[in-house]
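To keep things clear, I will list the structure first and then write my remarks on it.
A, B, C and D label the chains in the order they appear, each numbered from 1.
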Amino acid sequence: MASVYGNALRLSIFGQSHSPAIGCSIDGLPAGIAVDLDCLQALLDRRAPGRSATSTARREADAPEFIAGITDGHTNGAPVAAIIRNGNTRSRDYDELRRKPRPGHADWPADVKYRGYQDVAGGGHFSGRLTAPLCVAGGIALQALEARGIRIAAHISSLGPEPICDTPLDPMKPNRVQLDAVLANPLPCVSASAAARMRACILDAKNDLDSVGGIVECVAYGVPAGLGDPMFDGIENRIAKIAFGIPAVKGVEFGAGMAAARLRGSQNNDPYRMDGDAVRPQTNHAGGILGGITTGMPVVWRMAVKPTPSIGRRQQSVDLEARSNAELVVHGRHDPCIVPRAVPVAEAACALALLDALLEDA
Amino acid sequence: MASVYGNALRLSIFGQSHSPAIGCSIDGLPAGIAVDLDCLQALLDRRAPGRSATSTARREADAPEFIAGITDGHTNGAPVAAIIRNGNTRSRDYDELRRKPRPGHADWPADVKYRGYQDVAGGGHFSGRLTAPLCVAGGIALQALEARGIRIAAHISSLGPEPICDTPLDPMKPNRVQLDAVLANPLPCVSASAAARMRACILDAKNDLDSVGGIVECVAYGVPAGLGDPMFDGIENRIAKIAFGIPAVKGVEFGAGMAAARLRGSQNNDPYRMDGDAVRPQTNHAGGILGGITTGMPVVWRMAVKPTPSIGRRQQSVDLEARSNAELVVHGRHDPCIVPRAVPVAEAACALALLDALLEDA
Amino acid sequence: MASVYGNALRLSIFGQSHSPAIGCSIDGLPAGIAVDLDCLQALLDRRAPGRSATSTARREADAPEFIAGITDGHTNGAPVAAIIRNGNTRSRDYDELRRKPRPGHADWPADVKYRGYQDVAGGGHFSGRLTAPLCVAGGIALQALEARGIRIAAHISSLGPEPICDTPLDPMKPNRVQLDAVLANPLPCVSASAAARMRACILDAKNDLDSVGGIVECVAYGVPAGLGDPMFDGIENRIAKIAFGIPAVKGVEFGAGMAAARLRGSQNNDPYRMDGDAVRPQTNHAGGILGGITTGMPVVWRMAVKPTPSIGRRQQSVDLEARSNAELVVHGRHDPCIVPRAVPVAEAACALALLDALLEDA
Amino acid sequence: MASVYGNALRLSIFGQSHSPAIGCSIDGLPAGIAVDLDCLQALLDRRAPGRSATSTARREADAPEFIAGITDGHTNGAPVAAIIRNGNTRSRDYDELRRKPRPGHADWPADVKYRGYQDVAGGGHFSGRLTAPLCVAGGIALQALEARGIRIAAHISSLGPEPICDTPLDPMKPNRVQLDAVLANPLPCVSASAAARMRACILDAKNDLDSVGGIVECVAYGVPAGLGDPMFDGIENRIAKIAFGIPAVKGVEFGAGMAAARLRGSQNNDPYRMDGDAVRPQTNHAGGILGGITTGMPVVWRMAVKPTPSIGRRQQSVDLEARSNAELVVHGRHDPCIVPRAVPVAEAACALALLDALLEDA
């Protein structure tokens, strides 16, 4: 069930970096969701490569063709399916790729698992390119959630070896100024100066033929209390299950997260107070989730994105055919940092997890 | 599907803290797995409360009765089911619990979700007590994995506000001295002195009517390369999905984890070398997983456990009936720190995730 | 996932004929369903053996102990779990059973699948006794559906080699006289005379040390239009998936069923007419389902129950140890006909399928 | 999860009769399955309309474009995805279709379920056209099974109001003469004379502006003993779940099937004898399945296909807008009998069910 996600929804993602197309099918979307294709394209554009000096030069339209499930601008109840044609794939000697697995990529474990039958070109099904159909599906989920008053936003909360930190998104209520800034700044940050420093950090790594990682924070505002389930289908489990499906994610945390381990109970507990007739936690160390179920506070989570494994430097690998050590230089166009492009993907993933939970509970 | 886990396996966990019994059913276990009940009980004993000054005084045998699925000491192919009777539950005024949700517990979101029908006694289905059946199932999984040469161990890697850190488990190969020490020390640590300092830290918190959290590290040795799947059923997704089902877990990370975000690609990539005829990564920042699939290196992950929300101090809450602010003092016997008891649970969870992946791939 | 059923619900059934207990866990039931235990027991009593000359002499209370999920007579949102202790199991020489597979039973394929580790006593997990926990779960589902105005009834529609046919249940609307008769007659039939003739047919078979089969018809009244899904999760698929889980069922059909193949389109199509402001099919060859989705007409389906394979006659088998042909006489207490006892099981199965679909759609 | 099938496999089917394309994605296929596209096309051609006077005049190439999952003629381990473009869709007044539901079609229940948002053109997602992607996926499964020595064949076992019956496929072992005849005859029958009489029966119905149904029998030869699971994932449950996903199927039966209800146990039980060192049932009333698990005998099942609901005659319907009774004449090109085209679909469905079970057990 590798590339299938969801309980009430069933999202199937398919395609390889250099196959004729990539795409997705989403079953279980209720009929009647209005889908604004321009808005969806804007999300995809935020993910797309080739926009600036900080990302790969491979330029792709990422324009989905909807082949099913949408009629007259609304979901029609049948599975929604879309494909994105792969163009602009450079013909290259993939024989070297098959022989010399790239450190930090899935090349080697995939070779073991698929006994040499895997599609090695461009990383095959493991390519970050597969986050495009995730954004197609997530973009519809984001629109469905907005219609229910749920707004999801992400930003780069820190980046680089000496972490450049962005202002956190308000964990208590949406702040329009923050949300607008994230979309307006050249990198998706609340603080323009953090964005500028991050950009410099990425260019530094690029000059060094190296790469950097970072942390993406994502917040869902307007999520009603009582959503989710105990144990294995809590909101944390659901978000983690999809977030770890985004290539390069190595950690996922909620609210105070890993740092909750360093608080005392008296600090970490969020006290309740009445706010008119509503019960409201006064802090949000829980990240809006207790026992897997939402508290009515914003859902706050972060994911750590490792530095892009494709770097220009010579690296140690092995020659699988010759069964000997080998050196490897990864050719092609690579992002020195994929963190900015991971920001809309985090939003898409979060939207799919929450919509799935909402549909299951409804 | 809240309390059901697995693809090839289907683990169902049931019970409430104060219901007649708790238990589990596991479907999909192959016939013929030898089950050593003493060995299983030893795992449960490591999880059980009431062992020392650092944990709750509620003492329970946690002795499972297997009611199905095992014949003559082996799984018989039918679902394995076990129950543990709940005894030693103090009769108490749960009316206050129903009215005043405890901060940091699931009381309030559960009240919203279940519209007042939830079992509030002792935390109901959200109680940490439900990790006992998880250990019953996981204990069988651990034995099934050991028979395949896979050994899983966990320890407290750090604890408390000024983190007391244990020696990490060797991420490259199993170290018998370390593994023995973790089982021998009074707290599950590699370093005896770390264990002693952690114990003092917990007692400090207890004296302050407070609690502390920590981080549990878990390593699976002997996992073959090629296990797991891309995207949503990678080993990371599978472990995260079950680990976030353990109460109080707020973060899960693999290998370098959240800190991978602070490395450069040239540091984080694990170079390959030949080791005889075998391909071997020279470092293990990946935590044994690339693209969701194992690399043949140990699987290394950590989970952050928040400080126990039940503390003896007076806390701010609300009275749901009077719709007013209220003070709350949580009565009863509470762990000032549940991290030590979470250690065998992490092993059990990891074993279930890996066995499920193994059975799916087999 | 053998013994797990449902999408929104997750029913796990466990136990063997002679294990300490059998039982079930049902996750996903909404909180607040009122559960009347007397009413539930009445359903179980209709399934229980040992009531008359037409069924096995093994007498069992089938009294479930609810160990979780119910508080103050209502579901509490946590998984509902119940066990039924196995008593009255005769100690016997099961060695012969292990060596000589009974024709028509799962003994032989189970021996291959489980490589000799299966529990052979009393049929193990394949025993018809496992329909008791199905009725526990289904009994709750029936009550949940009745609260929504859905009433499910089944009867023996035909029985024996020269089929004795009962009056069909009205496929257009519930008929109280019919429904009462089914519960009042000594065998669950609309027609008292059919019941009497069926009883004679069963006793004939018993005298011949033989057994007979029959067909159970089940109708769900009050199902709203628009329930179910296209393709693989239609109401037909859902009912078939659970009905074929009842031992001895070899065919499942809906509405006109197999006989629809002998109609012309002009006969089989159900014409629509307005009934006030409501759209109503004028006939119900569709059995209340088109394209997997309910039409608002009663859901009508039938299942064929093969004759009990345990018969008193000497049969041809093999000796798996000696690898030679062998004769077999099945000892013990056997039903000459299990069709009457399958009637409440069909109702339970139908209720679980419909409730699952309702919860998924809600 | 409407249009998603399988446990180890996950088949997602998408598309509507008149959407830009239809297609499927199949996750979980092992890497290295050789896919012969000509052989696959031959299966699709057997399903395709427009071949003769007995089927609809809508002629479509049904030529799948594989967009992912196949490299160098083999599955590569990533999801296999294919699309088939919809051409030759006549522009028509669908407004009438939206207002007047066709008897026997899903129009009306779909209108209720999807609240008017469904795609009505050509039956939308409910169209028999969606069996084309089922055959694409099933065609790969058939090839994967043939490589394991499993051969699946189906034929029309009976057709029409006064049933014209074909010679049954041998239920004990494959008969090459029979299998060749089914592929060679103008209708997929063992007996050429039955085929001729069936053809006449279909043309009769056509002349009457009417339609006929029939029964398709499908047999899987070479299935090893021990495949499948008890209760809800038996081979019967699995085949029924997919077979009822084929439009117009109203009944599914195995082995003796519904008629098993009319046998006595002494007749229906299949006695065992040794055949050399192998255990062999001497008859196959069980259809190769006991307790959900295969016996090593051929798996034999049948599905009843109702007469095509689209007929040329004037029918009674309602006008959903005017809320009044109305007459309806279904325009367009319709099959007077879809049974011949359902034959390869049954093979495809059977192959998917068996491959899924095989992969789960492996």
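In the analysis below, a residue touches a chain if its C-beta (ideal position, glycine included) is under 8 Å from a C-beta of that chain, and two chains touch if they have at least 3 such contacts.
Being a predicted model, the structure only gives us computed values, none of them experimental.
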In contact with subunit A as well as subunit B, sorted by label, we have C, D
Hey, which pair has more contacts between C-betas, B-D or A-D? A-D
From the C-alpha centre of subunit A to that of subunit C, how far is it in Å? 46
Between subunit B and subunit D, what's the gap in Å when you average each chain's C-alpha atoms? 46
Using Cα averages as centroids, what's the distance between subunit A and subunit D in whole Å? 39
For subunit B, give me the residues that contact two or more of the other chains. 1-4, 7, 13, 78, 110, 113, 125, 230
What part of subunit C is in contact with subunit A in the complex they form? 7-8, 78, 230, 360, 362
Touching subunit D in the complex, subunit A uses residues 1-4, 10, 12-16, 19-23, 25, 27-28, 31-32, 65-69, 71, 74-81, 83, 110, 113-115, 117-119, 124-125
Contact residues on subunit B for subunit A in the complex? 1-5, 7, 13, 101, 103-106, 108-110, 112-113, 125-126, 130, 158-163, 205, 208, 210-215, 225-234, 236-237, 240-242, 244-245, 247, 249-274, 277, 279, 281-282, 285-287, 289-296, 304-311, 313, 315-318, 320, 323-325, 361
